[in-house]
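Just passing along the structure, written as structure tokens.
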Amino acid sequence: MGQQAEAILHETEAHDAHHEMSFWDKYIFSVDHKIIGFQYMFTGLIMAAIGGYFAYAFRMQLAWPGEEVPFYGLVDAAKYNMLVTNHGTIMIFWVAMPVLIAAFGNWLIPLMIGCDDMVFPRLNRLSYQIFLVSALVLILSFFVTGGGFGGAWTSYPPLSAVAAYNLTNWGASLWLLAVFLEIVAFLLGGINFVTTTMNARAPGMGMMDIPIVVWMINIAVILFMASVGPLVAGAVMLFFDQRLGTSFFIPSGGGDPLLWEHLFWFFGHPEVYVVLLPTMGIVAEIITVFSRKKLFGYRTILYTAFGTGGLSFIVWAHHQFVAGIDPRMANVFVVTTILISIPIAEMLFSFIATLYGGSIEFSTPMLWALGFLVSFLIGGVTGIYLGASALDVYFHDSYFVIAHFHYTFFPITIIGMFAAITYWFPKMFGRMMDETLNKIHFWGTFIPFNGLFLPLFLVGMAGQHRRIADFTQYPDLASPDLQSIRIFATVSLVILLLFQFVFIYNFFNSMFKGKKAPLNPWKANTLEWTVSSPPPHGNFAELPTIYRGPYEYSVPGREEDYWPQHLAPNQ
Amino acid sequence: MNEYLDLGLITSFVPAASSFAGDIDFLFDLITIIVGFWFVITLATLFYFMIRFRRREGVKALYISGEKHSEKVWTHYPHYGVIAFDVFLIGFVIVVWVNVKQTLPANEDTIRAIGQQWSWSFVHTGADGKLDTEDDVNTVNDLHVIKDNTYHFELQSRDVLHNFAIPAFRLRQDTIPGRTIRGWFKPTISGTFDLQCAEICGRGHSMMFAAITVHPDRKSYDETMDAIRAGTYESHFEKKRQLGPVPLPFTVSKSETDSPYAIELAQSF
Amino acid sequence: MSEAHAHPNYIKIWFWLLILLAISVAGPMLEIPWVTVVTAFGIAAVKTFMVAAKFMHLQFEKKIIWYLLIICVTFLGVFYFGVAADIMNSSGQQWKDCIADNTCIEQRL
Amino acid sequence: MSLQGPIATHRMRTGIPTGRLAVWWVLASEIFIFGGLIMCFLLFKFNNAPGFEDADMTSTAAGAFNTFVLLTSSLSIVLAHAAAEKGDIQASFRYIWFTIGGGLVFLLVKTYEYSSKIYGGITLTENVFWSFYFTATGLHALHVIGGMVIMGMISFDVRKNHNLQRVELIGLYWHFVDIVWIFLFPILYIANF
């Protein structure tokens, strides 16, 4: 379609948008990608609150076992299992994915590639609606007879497949159904993202002019689509095992529980990169803007992302080193696992190299981005311990794994989310956030986060394994020293959670009462900063044409230290 | 291998009580040194850049694309270093792995461990050194071995996945229903250690732990076996278990080889 | 609407597909294992290729769709071979399937 | 070309129309779902899991007939696409309904097979082979039903000369369903290999 036709169409569209829309059409059943992005974001934030509340309940139980937890009540064994299981499930499927991929993907992709909406707006809405139903089904599963599912987020059969083993007949099935629906929602959403990026880029925007965050979200979505298929088949099989009495995964009926482990981790490991890559992209955007530097090695970062994605498909069995797989296979997977550190290390090095020679401003988004680099580095290097099969014999399912895992996922999900929200807030709501409160929130989250998870490395080294409601019964683990480490971690968690109220207050206060934001408060290059804040339906008053890459900061010979993508060379 | 390198990072928490525990501790120390080196260098660079290149009036940032070869080397050299260390590490890891999991050295005795919701049943071979004979000794949640003897273990499960984990031995292995999984260990320190179930196995997972007692010599072991046969043995495990104040809704069975099934337990609360 | 391209003779392709179908049904009747495998899977592959190339117009499609489909099949292959060592065997190093030879402890279910 | 929806939908940077590109992505993710299921089946099969000799008991004739039906309906939907491209709306409409009829025949044969198995006492829980049989064919049948419903909706659009490109899109999907069956047929119906 020619640009002229586009311009005509755009005019009629803009004209159509003038008629008044009811609240329902505008905010609930909207097909506008930005509103859908908000819907994902707020649902994700609410689910994050639930997940955090669960973490609070079971950490309190670990610190002061058997005592009534304030605002929760007594945590017994069944409740403890339910809490840890659903904490994990919620944080990965209902927080990390909707916020990082769906919310920011929806919000940013059309704006950053310079088009007026997703290519399939109604499919987009459907994807959110399915996602919402999945969240409701999950919440429903906490309240059915027998309680919520308590077989860990990996849900290994036969425990998850047989009600007599897990004692949560309906909880387990609803949990599985919720995960299934969530996957379907993201498959639909993902197809939309990829198609949009492939087909609807603004004129002039070549493959190497796409902002890294859009690239990363797309790679993540493709990884997700490719890895989740076998798990969808597996989920149907597991559901039949639960409800119809088949035995795909039950050995006495001829099935094999190891098959589920393979199906799950074939998805589960790429999933780590599915949530990692969007945050890497967000960080790339932020550090370039706040150090006024061109991204160091755009292509390198892109290729390492592809490399990581490809490699992530051949490392999955490192989750199963001691799960009864053939030990010879472990040698293959240990090589691939250690090798995956190479592209990721290269990517981190490139980010650090971007800072060289910069003019770094420590605003809150930049603090979050740097905080991400520091803490993800800890998460990354501790992964080497666990990828080493022989050492995994000791560390498998121990608190060392928990600490490592949270040192990767907390920076990815929570820090990445806050980095993105604080960075794009002016564009999303047209107002600035309060910088002082933001900084208080940053330090109040970052320090307790380390106070929470660093001690867990120590208890992990002491041989404490995960998913246990009360360690004081274990003679070797009951020592007061270890218990005081646990208490320290719990206190850190409580402090961390309390500081989130600062954010909530700041978020809503700034949303309604904050200082009006200028069009481009950070002086960034990418296209979303050229539209009014908040952007109207249809985004661009005039659809842009692209003349250069997204990271042309501090170009020699230019007075301004930034050079937006849409400005023609003579401007 | 820990005679080459011993930082004592893990042994300050848990004793190294099996023959391969030292190898695994060595790996931990080795990785700590390598990874620590990279970690410190990277973090130092990051912080140096953050401080050195903070915003100052009138100083414009450099324009570096990172696409030129002369610029790329700055990330490539450290990157080659990472590859070299990775290869070096993989070598050590595989050597230890082959030793711990892939090979079965000649043994003095065999034990069988059966996981079920939520207790461990152990079968000791008795005098003849063979399983599945008349003189087998069965115990619940109480495993007895002799110091410096090499043991093979056979793991089975009656219901769900469990994990046979002895942190002091640096040993973990899942048990899978429908499979027999073999492995070995050789205790080197006498004493009593925790034996945990390290794979979530249902409601009672938190309570599914046992004790492994390493006897200093055969005499002490035989006396214990006789006491178990006669029913007069008071389990070290029972003495040591301090039930915490958690109101877990059941207790683990004490005497029979078959502890009550999940359903019965479920009905009791 | 897509850009115009020459339509192949669909009836002819359909006719060939039916012949292949007849072979894949007749092949196993010889009861020679390798013939069965070749006729069952070899012909399934040929039929798939014909349907994809002609009916689905992959012949005229951009290369990127080919890459996409090839990557899909490759990853499935990776999955298969990664899992085969555990699931496609009844014994391996340090483990054996004990349901088959009845050496298992009695299962609860 | 009818101009509706956002401009984004009508851009074509890859040279592939957006709808068709999206359908290819749908098919890619479907390949993983059915591929995963078939891989699991083969893993059990080659491990000589008990029960897989029951492949003898499935009716090869019914399976072959269904393959024939699906191949023929694939032909008719591609003819519908060709007709739509030429602008022959009535022919396209007829071919689409011929395809839906093919789907219906397929489902009838399927129902006959299911009911004869279930009356013969063989259900989903018989053994792992039958679990796979019912799961795989059931999932496939759901795709057939879904395809028929969408085709029915599209056919009326076609008659109004709306969205003719959708004939090709549903065609792609239908061919994929056909291909899945081409693989299910040998693994489930052709006796032991």
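By written order: A, B, C and D. Residues from 1 in each chain.
Note that in this section contacts are C-beta pairs under 8 Å (C-beta built on N, C-alpha and C of every residue); 3 or more make two chains touch, one makes a residue touch a chain.
No experiment lies behind these values; they were computed from the predicted model shown.
> Would you mind naming the chains that touch chain A and likewise touch chain D?
C
> Tell me which has more C-beta contacts between its two chains, B-C or A-B.
A-B
> Distance-wise, how many Å sit between the C-alpha centres of chain B and chain C, to the nearest whole number?
41
> Between chain A and chain B, tell me the centre distance in angstrom, where each centre is the average of that chain's C-alpha atoms.
Inter-chain centre distance comes to 31 Å.
> Quick one: report the Å distance separating chain B from chain D, using the average Cα coordinate of each chain.
Spacing between the chain centres: roughly 49 Å.
> Centre to centre, by mean C-alpha position, how many angstrom separate chain A and chain C?
35
> On chain C, where are the residues touching two or more other chains?
72, 75-76, 79, 83, 87, 89, 93-95, 99, 107-109
> Would you pick out the residues of chain B that each touch at least 2 other chains?
Each of 101-102, 117, 159, 177-179, 181, 262 in chain B touches at least two other chains.
> Can you list every residue of chain A that touches 2 or more other chains, as numbers and ranges?
Residue numbers touching two or more other chains: 158, 162, 164-165, 226-227, 230, 250-252, 254, 256, 258-259, 324, 327-328.
> Which pairs of chains touch one another in this structure?
A-B, A-C, A-D, B-C, C-D
> Quick check: in the complex, which residue numbers of chain A touch chain D?
1, 5-6, 9-10, 13, 110, 115-121, 187, 190-192, 194-196, 198-201, 225-234, 236-237, 240, 244-248, 253-256, 259, 263, 538, 543
> Please name which positions on chain A make contact with chain C in the complex.
158, 162, 164-165, 226-227, 230, 250-252, 254, 256, 258-259, 262, 266, 313-314, 316-317, 324-329
> Which residues of chain C touch chain B in the complex?
Chain C reaches chain B through residues 93-99, 103-109.
> Could you pull out which chain A residues touch chain B in their complex?
Spelled out, the residues of chain A in touch with chain B are 65-67, 74, 76-78, 80-81, 150-152, 156-159, 162, 164-167, 250-252, 256-258, 291-300, 322-324, 327-328, 330-331, 334-335, 338-339, 341-342, 345-346, 348-350, 352-362, 370, 373-374, 377-378, 381-382, 384-385, 388-391, 393-394, 396-398, 458, 461-463, 465-470, 472-478, 553-556, 561.
> In the complex, go through chain C and note every residue touching chain A.
Answer in residue numbers: 71-72, 75-76, 78-79, 82-83, 85-87, 89, 92-95, 99, 107-109.
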